[in-house]
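Okay, here's the structure, questions in a sec.
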């Protein structure tokens, strides 16, 4: 079944809140999301800032210990302008590199959805009115966390949240560990384009129309968000500092290799040692996110 | 001019030591390197362990403030067997993941240079006798550091050293900041194959025959190692933790963009924010190494 | 007014939950707390494990932006036995130092409240039945966080939480930033004794009787927990890694010096540079805690 | 035997350089040191900046594997003025706290050795001409490192170096692991006063007259610097980030407890868990320094 959902309220934390829609496993939802500062497709501010989330969506039958699979079919900017911070965050450079800039200087971008491009409108720099191809993604999504927690949509943890990973684009299936009945799925904070690390503190922030299918997986427990696309599988660790995020992602991949691909621990170590790829998803949020990735071509047959 | 150099002694630190060969800018050297534990092409231990280095090579005319360009033409394993650690380092996983393994368990690989493959000989795991394509690289190379220091070939800093970056393969030109007269170039610690992060604590360690050209660049000061291949430019930051290594690499790239590509600081920030790629070269040495990379297609014209 | 509160339910997160008691500013509460694994004064398990909290207490008139002052008059173990982990956490030592120990090995202590001592009952080590003086403290306390979050009592942030600081003992007044109406104060996780860093992952865990006064301070905004005793003032930063926790605590102290002690920024810098003391409260929780402390003797007169 | 040594040249790295003086174990040396920027007792610049070191001193009979004990009898400022940076380093605060300050702003202090005080001469702040008691210390000292390395006097490692620990004051005995014949002891970078962390990037920098005894200890191997005074023993870990420095210091203390105090590993864990104190020596150098400390009153009898 396909649902068209138009939100009227938003949350700036992911927690055990009243569901806005109840769906069955296998259902598809087309939902609007607003930008990180609460502006919608028409340019109206409809929520406070801070990555306001659409949802939560309740999946019938989801229980703690299950896994929720989220397949993103389409992530489409729903307006023709986006913005981001223009200045690198102070923690990704030597301090002198940002000393002379104001703390908050925005860049604005014109988005041409048909042409699939973003063109810099301001500020004026020697880059000029540079144009880049879009690569839309969702910066923040997840389920209600464990322990009846409600965790800010500005950060991330085992439940997902603000991972700001450019690899969460259309075509990807994300996996999330269910902690509350119904899973309670949230999504928001779309970026039209973002590089590794989200080092400006934002991607090109824009409202989105997101189409995704929610599917329940019983008897497949996971500890951290995972994902999959046509060519790779990956696990995401969310923590500070980067070292810790990398540890979580690597250990989650070790579990996956032993759980599904018939490897013993030592075989999994050797495989990772020759083949692993890491991506720095974000290095600016309260929890950083590191992605541990394997090409499907190096994986043993699934068991 | 082309030199064929066969070393008779090795250094486990990069410092202002007596040169083994004096060459002119533009000269090419074919040199043997031995493996990380001091074993040569014939399987004899000819040095103590700890990434023993071939060199130093003195480049006529090199002065502090210059940059040394090293173009790697060929990095070829010089024997048919390699080894690496079989167990992930404790700092890249949750501690429980390595609790049950011995501290030092080696894997052995058979190398087929003609076929360009490595095949696992032992230990026995459910991976079986897996075969991977080779991707040879040099783990440690650099010049004598500043301040008359001599820095262990087990770690890295501004002068290069043990960066263990799989991107330092044939076809790449590396740039190093000269601190001592003659630059004093060292090279060693070849890996037949290694994934991101060198998370086993070693790649597939093997003796190598390395062919490279040393070229002096006047009036082009740099602060950290840089590199370039057909499709990308990159800067390397070496420090702990990963956050700090990432800062150094990003700041070095900012300098490069302003120095050579006509960008103002703000333009460089915006470009990196949309286009940067990071790679985790190593996350196990005393200094970790992070690579800040840009595709040449997004660079403004050189000026 | 003095209240005697005996809890019947407990929370393992600090959030905007239904208050168990409403009090006025200036009221004193004597409350029971149970130990980190949910065992009460009689040795019965009355809650799940994970630092179950007593509360929340609603303070009439408390509004977001206010500060809640909590003066601890008495923190008294309410039973004659305590426990802690016997083995150092893997992240505070070189990995080889904990390789040979089981993941979870407990030590048990006999507490003599009259004599104010803890005596080791087991395991048997060459320390023998060592006896230490008690120094009781509360490991976890705080108010409901901002953004309608509910944050696990296993970690800490701006709202307080599981800071595990041995300096939160009787005689201290703690200050907490109010984010929810009524402030919603929680307390639990008493330790009969704990060193710096809580490096075993626990102090000597025991149920407590805690007597404290809650007082509302209007027009004195703070960002992170602060504290004060007869001889010193301090600010607490909660984050990973230690560097980040230290940054938060130092910046909070800078604000305090300018807010209340008439200093300009530069004067505050110079004072800290000559006089600051840091304490590592905990280095094992998801957020570490660092304390930035100044002796009252070096403070300018309050203004 | 007592030597009076007046240096004529200085080193900005600690390495296997030509000794300036050869002494026997048990000899005492009175040596002059110059300040961190190379200015001597008469205010003349006699060396480049960067913690220029006095030495190296060769101790007859010292061999790799031995330990060198250095007892500081007296550390006396040798001129009446000192300086330090006036602004907190960017890594110890939130970035906004230092945005408005110049990168390098010095404070100057008048030192009254007889009265044992430092009085702020400039800049003008609301602190006024504040006066603090002196607590002189040596910021950088150590021996030649392992592997024939020469390591900058701006950083530190197992051999000692720029630990910037205010606890290295008169009355303390420091222990250093010998790696080169003769040990090759260096000393410099005196501070008339410094708080925890050296968070301004410098203490009150001044030239010193330092009196110390060098004593060789055979058959007592150590891995990291240790120290001892009348009331405590301590181990120093030097690394980034603070977490890593803390690990090294804790593991070194574990070794000491088992080596000399008759404890088994588990007993040492329990003792540290109840009794350890940590100090943040410096949090600004390329390697941070953390001190793991135990009061002698809690130690078992030496064996």
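We call the chains A, B, C and D, going by the order they appear; numbering starts again at 1 in every chain.
The rule is simple: contacts are C-beta pairs under 8 Å (C-beta built on N, C-alpha and C of every residue); 3 or more make two chains touch, one makes a residue touch a chain.
No experiment lies behind these values; they were computed from the predicted model shown.
Among the remaining chains, the Cα-based centre furthest from that of chain A is the centre of D.
Chain pair with the larger contact count among A-B and A-C is A-B, by C-beta pairs in contact.
Each chain gets one centre point, the mean of its Cα atoms, and the points for chain A and chain C are 34 Å apart. If you average the Cα atoms of chain A and of chain D, the two centres end up 47 Å apart. Across the assembly, chain C contributes 91, 241 as residues in contact with two or more other chains. Those residues of chain D that touch chain C in the shared complex are 84-88, 91-94, 97, 100-101, 105, 107, 118, 120, 123, 125-127, 130, 132, 193-197, 199-200, 204, 241-243, 246-248, 250-251, 254, 262-267, 269-280, 283, 298, 300. Across the complex, chain C is touched by residues 90-91, 95-96, 98-99, 103, 241 of chain B. In the complex of the two chains, the chain C residues touching chain A come out as 11-13, 15, 50, 146-152, 239-241, 244, 286.
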